[in-house]
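To start, the structure itself, in C-alpha cells.
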Amino acid sequence: MTDTISIKLSLRSRLHHQINPALWHGSGLSPLNKVIVLCIFLAVIMAIAETEPAVRTLPWFSTLTTITDRIFSFVFTAELMLRFWVIGEAAKFRGMTGRVKYLFTPATLIDIAALIPFYITVGADGSFMLRLFRFLRILTLAKLGRYSKAFRLLINALNHRRHELFISVGFAGVVLLFSATCLFVLEGPQQPEAFGSIPRALWWSVATLTTVGYGDVYPVTVLGRLFGGITAFTGIAIIAMPTGIIAAALSDAFQERQK
Amino acid sequence: MTDTISIKLSLRSRLHHQINPALWHGSGLSPLNKVIVLCIFLAVIMAIAETEPAVRTLPWFSTLTTITDRIFSFVFTAELMLRFWVIGEAAKFRGMTGRVKYLFTPATLIDIAALIPFYITVGADGSFMLRLFRFLRILTLAKLGRYSKAFRLLINALNHRRHELFISVGFAGVVLLFSATCLFVLEGPQQPEAFGSIPRALWWSVATLTTVGYGDVYPVTVLGRLFGGITAFTGIAIIAMPTGIIAAALSDAFQERQK
Amino acid sequence: MTDTISIKLSLRSRLHHQINPALWHGSGLSPLNKVIVLCIFLAVIMAIAETEPAVRTLPWFSTLTTITDRIFSFVFTAELMLRFWVIGEAAKFRGMTGRVKYLFTPATLIDIAALIPFYITVGADGSFMLRLFRFLRILTLAKLGRYSKAFRLLINALNHRRHELFISVGFAGVVLLFSATCLFVLEGPQQPEAFGSIPRALWWSVATLTTVGYGDVYPVTVLGRLFGGITAFTGIAIIAMPTGIIAAALSDAFQERQK
Amino acid sequence: MTDTISIKLSLRSRLHHQINPALWHGSGLSPLNKVIVLCIFLAVIMAIAETEPAVRTLPWFSTLTTITDRIFSFVFTAELMLRFWVIGEAAKFRGMTGRVKYLFTPATLIDIAALIPFYITVGADGSFMLRLFRFLRILTLAKLGRYSKAFRLLINALNHRRHELFISVGFAGVVLLFSATCLFVLEGPQQPEAFGSIPRALWWSVATLTTVGYGDVYPVTVLGRLFGGITAFTGIAIIAMPTGIIAAALSDAFQERQK
C-alpha cells in the first residue's frame, strides 16, 4: 500500500518535472512539452487554414479537421488535467484551496479559454460569433506563454526604459493629432471624404507617420502637401526615438551581462 | 483680522503647492491637477469628435457639447484665475507688475489662447474660420506642457546632439532637392502633371525618401526608375542617420545617469 | 625527371596561392581571382539582361550571348578543374578520397551548380523550366561566397545575438498573426476578397507591419482602421527591436576590436 | 608707394580672412560669407520656382528673374574674382602657377560651373537642354560645400565604418537581385508587364526592400505573396544593418570626443 503511494508520488513528481519547463533538468524542452508545443503549433495552423474558404471547401478537409480536433481536444484536456494533478507537488498549490488558487492563475485561465472552441460550436457559416470563435482558436498560441522565458528577459530589458518609451509614444500621439488637425483644416474642403473631420484625417496621419503610406488618401493642395511632407519627415523622428531607446537599452543590457 | 489674512495666505500657499506640479510633495500629480488634466483630455476628445459630421449630427450631441463646453470653460477659467491669485506666492511674480509679467509667460498665453474658443463662436458650418477655431480647441492639449517634465528631459538629451541632427536634416534637404531635380529632368516630359517642375517632383521625393510611398506618383521611364531606386535606398540613410544619432545620444545619457 | 616534378609542384603551389583568397600574400585579390570575380559579375549581368524581352529580341544580342556563354563556360570550367588540381596542396584534400571529399564541400557544389545552365539548355521560351534555369544563372553570384570574408565577420557579430534576433522574429510572427486575425474578424464581412480569411489578411498584415504599405488592400471600417492603425504603430516596434539588437551587437563588436 | 602696397596687401589679407571660413576669427560666418550664403539660397529658390509653369507664367515673375539673375551673376562673378585675387595670400597658390593650380581645385570648378547658367541661355521652353541647364542652376547649392566643415566631420565618422557599410550595401544588392529573380520566376507568367523580366521585377524589389511600397506593382499569386512577404521582412534587416552600423559609429565618435 505504502509502496503504491510512493510509486504514485514519484510518478507525479517525475511528471511535474516533465511538464514544468523551469524544473526540467535537461537543455531545451522535455519530451512531453515538445509534444504539447507541437500540438499548439499544429492547432494554430489548422485554425488559420480553416478560415480560408478555398481550403475549407476541399472534400478531405472536413475529415481532417474532425480528426485533428479530436486529437487536439484530447491532448489539451489531458494536459490541463495533468497540470491540475501534478501541481500538488508545489507547496503553494497543495490541497483543494491550492487547486482553486491554481485555477485562477493567468496561464491556467488561458489553457481553459483555449479549450472552449474545441467543446462548443456556435454560429452559422459567416456569422460574427463564428468569426469570434475562430479568433479564440488562434489564442491557443497564448499557451506558448509558459515557454517564453527568453521573451520575458527582453521585455524586462525594455521595461527599464518604459518611461522613455512611454514619452516617445506620447510624443507620437501629439504629432499624430497635430498633423491630423492641420490636414483637416487645409485639405478638408477639397476632400471631405478623407479629411472632412479630425477622426477621418487621423487615418491618413497614422499611415504617414508610420511611413506605411497606403496611398488610399493623400493631400492634393499645395499647403496640404507641404504639411503632409513635414508630417512624413516627422515620422522619421517617431521611428528614430523608440529605435534609439531600444538600441540603447539593449546595448546596456548586453554590456551588463558581459560583466 | 490678522487671523483671516494668515488663513487666506495659508490657503493661497496650499493651493499654490496643489496647482504647481514642481511644488507638489507627493508622487505623481496633486488631486487638483488630476482634475485639470482629465478636463484637458476630455475637452480635446470632444473637440475631435465635434469635427466629424456623423457625430455632430447626432440628436443628443449638441446637448452634450453645450453641457461639456460650460463645464470646461468654467474649469479652465477658474484655473486661470486661481493661477493668477496663487502666483503671488512666488517672489518673482508678486504685486501688479509681477502679475503683468506672469501674463506674458508662454504657459499663461497658452492658457488664455485655449480659452478663446469657449467664449467666442465664429463662422458658419464648413467655413474656414470655423475650421481654424476647431484647430484652437485642439491646442488645449498644449496646456499639458506644464506637466511635461519627463518630455523635457528627453528633449535635453537630444539638444546635446542638435548640431548632428541639424546636419542630418541638411543632408536630407540636399538629397531631397537633388532627387527631385533628377526626376524633373528625367520624368518631366513623360509625366508633366507629377514631375513637370521641381516643386511638383518634390512631393514624390518626400514620399520616397521618407519611405512613405503613397503611390499616387512614381517614375515610369527606365532612367526615372533607376534614379528613383537610388533615391529610395538613400532614404534608408536618411532614416539611419537621425536614428543613429538619437540612439547614441540616449545611450550616452543613460550611461551617465547610471554613474 | 625529379626536376619536372618539382617545377610542376611549384606551379601547382603557386596557383594554389593565386586561387585561394586566404593564401594570397598581397592585399586585395590575386590577378587570377580578379578575372574570376569579373567574369562572375559579367555573367550575372548577362543573365539579368537575358530575361528582358526588349533586350533579348535585339538582333545583336543572341550573337553576344553565344560568345559570352562560351567564354564564361570556359572560364568557370577551367576554374573548377584548376581548383580540383591545386587542392592537392592542402593536406586535407590530398589523393582520390580527398578529391571526393572536396567535391562535397558547399563551395564546390555551388561551382558545379553554377556550371549547369552553361551546358544544359531546357524548355521553350516562356516555360517554367526555362525560368528556373534562368534562376540558376543568377546563382552564379553565390560563387562570390568564397571571397566574402568580411561579410562572414559581420554575420559572426550578429550570430552572437541570434537568440535576441530570433525572439524579435518570434514577436513579429505573433503580432503578424494577431493583427491578421483581428482584421479578419473586423473587416472580413466588408471585404471578403482581401480579409475573408486569415491567410488573406496576412498579406495586409505583412505590408503594414513592415511599413511597406502597397495600398492594394486596406481597412475601410472604423474598427478595422483603429486596429490597422495600432498594427502600423506596432510595426515601428518590429523595426526598432532588430535595429536596436543589431546596433548594440555592432557597437560591442567595434569596441572589442579597438581593445 | 610702399604705403599703398602695404594698404593693398593688408586689404587683401583682411578680405582673405573674410572670405575663407577657416580663417575667420569670430564665431559663425563672416559678414561677407553671410551675404554669399544668402545669395546661394535665394538663387536656388529662384531656380526651383522657375521650373514651375504656374509661377513662370506670372506676369511679374520674368521681371523678377531678370533682376535677380543680374544680382546673382554679379555677386557670384565678383566672389570668384575676389577669391582668385586673395588666394595669393596662401603660399600654396601664389603667382601665376598657383592661380592655375587654384583653378583646378574642386571648389573653384564648382564655382565656375555654377556661373555657366547665368551667362549662357540655351534651348526652347520644354527642351531637354533647358531642363539640363535648370539642373545646373540647382548645382549652385554645391557652392555651400565650402562651409560644410561639420558635415565633413560626420562623414569622417562614417568613413571609419565604410567597410561595414559597404558590406551592408553588398548584402542589400544580393537580396535585391535574389528577390527580384524569385518574383520573376513566380509572378512573371501572371503579370508579364511588371514581373516579366528580372530588370522589371527589380523595380518591385527596390520599392519593397526599402519599405517604400508605391503599390503600382505587387504580387498576386499565393507563392508570389509568400516570397514578397519574406522580401518585405528582409527589408527590415536591410534598414537595420546600416542604422546599427551608423548608430554604433556615432556612439563611439561621441564617446571619443568626450575623453
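Going by the order they are written in, the chains are A, B, C and D; count residues from 1 in each one.
Methods note: contacts are C-beta pairs under 8 Å (C-beta built on N, C-alpha and C of every residue); 3 or more make two chains touch, one makes a residue touch a chain.
All values derive from a computational prediction rather than experimental measurement.
Using the average of C-alpha coordinates as each chain's centre, D ends up farthest from chain A. The interface with the greater count of contacting C-beta pairs, when A-C is set against A-D, is A-C.
Shared numbers divided by all numbers used gives the overlap of an interface; between chain B and chain D this overlap falls below half, so the copies present different residues. Rotation angle relating chain C to chain D: 90°, from a CA superposition, given to the nearest 5. Chain A and chain C have Cα centroids lying 32 Å from one another. Work out the mean CA point of chain A and of chain D, and you get 45 Å between them.
Shared interface positions of chain D, i.e. residues touching 2 or more other chains, are given as 207, 211-215, 239, 243-244, 247-249, 251. Of all the residues in chain B, the ones that touch chain A in their complex are 44, 47-49, 51-55, 126, 128, 131-132, 134-135, 138, 141, 150-151, 154, 172, 202-203, 206-207, 210-216, 238-239, 242-243, 246-251, 253-255, 258. Taken in their complex, chain C has these residues touching chain B: 211-215, 243-244, 247, 251. Residues 161, 163-164, 167-168, 170-171, 174, 177-178, 181-182, 184-185, 188-189, 196-200, 207-208, 211-215, 218, 225, 228-229, 232-233, 235-237, 239-241, 243-245, 247-249, 251-252 of chain B touch chain D in their complex.
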